[in-house]
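Two complexes are shown next, each including subunit A; its partner changes from subunit B in the first to subunit C in the second.
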Partner chain A sequence: MSTYTSDSNAAPAFVARQSFIELTARERARHLLDSGTFRELLGPFDRLTSPWLPLQGIVCQADDGAVVARGTIGGAPALVCAIESAFQGGSIGEVSGSKIAGALELALRDCERGKIVHPVIVFETGGVRLQEANLGLAVIAEIQAAIVALRRHVPVVGVIAGMVGCFGGMSLAAALCTRLIMTRQGRLGMNGPEVIEQEAGIDELDASDRRRIWQLIGGEQRTACGLADRLVEDNAEAIVAAVRDAFAGGVPSVHRTEAVDHYLALLAQVDPSAITPESMRGLFAAEQRDAAGSAVTIKEFE
Partner chain B sequence: MNHATSLSRGQRWLLALAGESAGAAPIWHADAPLAGESARFIAVVPDPENRFARARENVVGLEQGWRLARTVREVVDADARAATRRPIIAIVDVKSQAYGYREEMLGIHLACAAAVDAYASARQAGHPIIALIVGPAMSGAFLAHGYQANRMLALDAPGTMVHAMGKEAAARVTRRCVEALDALGETITPMSYSLTGFAKLGLLDCLIDGVDADAPTSDHIALVQGKLADAVLSARSGSSDLSHRLDSDAARTTRAASIKVRHHLAMQWDAD
Partner chain C sequence: MEHLTFDFPARRTVPARVHVGVVGSGDLEVLLAPSDTMQAHVVVKTSVDGYAHIWKSVLERFFTRYDGAASIEINDFGATPGVVALRLAEAVERSDSGAGDNA
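Presenting the complex of A and B:
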């Protein structure tokens, strides 16, 4: 790619760069790890698949839609858990969720023994896989528990690139991450737009209004409000660099989910009848650096 | 306070187990004796006047999430230098998370995550966290209030249920009728809405039978207090993580895949 840059007939940068969004979960994990260090755990050939989908006439995938890989990032031991949106919308089942929870638990064990492992979670998920309902929810609780325990030792870095985004119980897991990296195409919310329209009616939210949805929960808005830490272009190199920066920032003294009084105070200033995505930016972005302190230290975008 | 009018299950059980709340709706909490020590009881209760219109029932919305976090952290901070950490009892009666435009905009996912963090951090700090399911324990609301507990108990009574999605909504999404959904739960254990189905997953430590969930007698209350005290003892004797959930006979059968995944991951973790 770099050979183009010195050429007067160079291809435009957008042709030369590698989209991250277009990559599969496995390719994403490979990109995030240092070249040649990718080693997949419980790969497709281990054939640990969902015990519940065949009972409902649904064909399994050999990795159950989650890729767990070890390797190094900037030379340091690392773990990447990447969710594959092409299988069941990235939904979390017993096996895919246990792969992520189990890997984070092993990283925690190593960290407790003084061997720091740098964990990255690449979110691309609608949340619980409904066909595995209660077990999906249970393993998401286990993923959350592991993130909270692990982030005392090392930053847990989350990436939400799109196009599925991150919803349901996994949006809570993303919020628990030390630092979140998003693209403009990424979305982060607890209830997907379709769910809100179904539960609260089309007057509450029109799920087909794409512009409004991205203004509400898209990466640009989330970063501007301090609910995500870094907005990056859809460029694999840029995301790799942002992940490295996120680790370089170290463990903050206060994580976002610990800034309880800060966020309660912000919420108290909100007028529910008047608040808009634009006015929220003013309210949340102006004050977050003071009270949440080092929870949100990465402020320079691109 | 006049409680003669209809109370939610969460309100009724908080009053029964701990007396009047020290905090206002939507989060009730009270410190009360349990087996000779003080315990904190917490419930999410209806709040008909809440300024967020989508969060007026017993649901977890923005204020509920952040206030749950504050109520739990208050206990953790107060006991930081104490020899024993007081038990925290999450009385679970939550219909859902709040579904709304403003909730998403203002980060309901972060508010719920703050509650998850508070409970998980309290557990790691050595507080026995006990979830007592007395009504619905649904989806993201249950994640925020109860699912980080060391031990989980439930009343086996009409109206208690655990699931990832409300029955009506799940029926619509999966294009089944509610009856077909119930039938599916009989054969596919994780799809079950019933507590007996949930118990088969190994996640429940005690299913309490023979208690009137809406109008408990003093005997019923004493029975539940006894089970809570047992759960506190059991939590203190175990680890502060969630590994206990994979230890039971039920888990070894129904969650064999969860156990197998962890076993194989551990074997492959370090390269030879």
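Presenting the complex of A and C:
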């Protein structure tokens, strides 16, 4: 009791900081945009809900789990698309996905007219919403196409803060982003651990082995391997600063996903029978240091 | 999924519309907006069937203290009565303080 005084400066840093992970999607979008500039498009009172969930006896959310907001970041026009992980695991349905794809397409139209809009996507998603099947998959393809078109004009910045992480088709969308910001708690992968255990057996992966899972697909590992660009603490201010830095870096001459030969050559060196998280770091990180000025953007942040 | 509606008398208008909460496990979202008439109207969509009598009790207790002519929509994903009461209180506090949503 006596260790805390009335002076708020005495509180440890981890108490004083605002966690980003603990924020809802709407609060995350509000934090990323300059104070007072948050303006939501197709918000809850527009009641654009999934037509498919009620048919399957599932309660809708008034915004279908996607928050689309305009405002400014560092004074420049910006767009934030944030996925709410608490609603249906952040899954992408026809409506939530269309909101994100539509917003990115409108930003693209502005960019093509010379009015640059800075897009941020806050990924917190298990991927496609299985109840909406192909409609969700189709719209994820639209999101991916919009990211690829947009990133020619302006960096497209992705944030994976956790705790859900980013999986399925949306992990590919995240990979297409110009720059990806992760926390240690964030995870990025195609199939989630539970899916791998269910499909390939517990010998392949024990989904309850949290240490192992984060060693494989956690933010620290993904950043060390150059598949994400910046590792930040779970701190709203730090994430806001990282997003600004990511835009300041400008559009790279080659995006990570365009460096196909570079990554094929790396994969050719991987021995599947002896692969470990450490060997992946050694291989991918070492190659990055050699390939100065290549597609890999991690160096710009260092 | 169950769909319930309730009406309650009101004595004053509601200053601002607000949205609180999330349709996550054990939680709910509340959309509170000014009603067209001098009457409060509540629509509940809940994932848990068979609890209409509990909803009636929770809402009756809420409206013993709240007299706004509000149109309230609730999308519930298995919230307990305590959580429902807290979310309703949160919505009223934000609405009455004028911290309405621009959305």
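FYI, the second predicted complex is superposed on the first by the 280 of 302 C-alpha atoms of A that agree within 3 Å, B and C clash if a C-alpha of one lies under 4 Å from a C-alpha of the other, contacts with A are read in each partner's own complex, and residues count from 1 in each chain.
Just so we're on the same page, contacts are C-beta pairs under 8 Å (C-beta built on N, C-alpha and C of every residue); 3 or more make two chains touch, one makes a residue touch a chain.
Everything numeric here is computed off the predicted structure, so don't read it as measured data.
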Next on the checklist: Between subunit B and subunit C, which one contacts more residues of subunit A in the superposed model?
Outcome noted: B
Next on the checklist: Quick check for you: in the superposed arrangement, does A:Ala86 touch first (subunit B), second (subunit C), both or neither?
Outcome noted: second
Checklist entry - Between subunit B (first) and subunit C (second), which, if any, makes contact with A:Gln61: first, second, both or neither? => result second
Checklist entry - Is A:Arg39 in contact with subunit B, with subunit C, with both, or with neither (first, second, both, neither)? => result both
Item to check | Which of subunit B and subunit C A:Ile217 touches, first, second, both or neither | outcome: first
Checklist entry - Is A:Leu205 in contact with subunit B, with subunit C, with both, or with neither (first, second, both, neither)? => result first
Checklist entry - So, A:Glu124: does it touch subunit B (first), subunit C (second), both, or neither? => result neither
Checklist entry - If you lay the two complexes on top of each other, which residues of subunit A touch subunit B in one and subunit C in the other? => result 39, 46
Checklist entry - In the complex formed with subunit A, which residues of subunit B make contact? => result 51-54, 62-63, 66-67, 69-70, 73, 96-97, 99-114, 116-118, 120-121, 124, 139-140, 142-144, 147-148, 162-165, 169-170, 172-174, 184, 187-192, 197-198, 201, 203, 241-242, 245, 255-258, 260-262, 264-266, 268-269, 271
Checklist entry - Residues of subunit A touching subunit B in their complex? => result 39, 41-42, 46, 48, 50-52, 55-56, 68, 70, 94-95, 98-99, 102-103, 105-106, 127-128, 130-142, 144-145, 148-149, 168-169, 171-176, 188-191, 195-196, 198-200, 204-205, 216-217, 225, 227, 255-258, 260-261, 263-264, 267, 270, 272, 275, 277, 280
Checklist entry - If you look only at subunit C, which of its residues touch subunit A in the complex? => result 1, 17, 19, 22-25, 27, 29, 31, 33, 45-47, 73, 75-77, 101-103
Next on the checklist: Per the contact definition, I'd like the list of subunit A residues that touch subunit C in the complex.
Outcome noted: 24, 39-40, 43-46, 54, 57-62, 84, 86-88
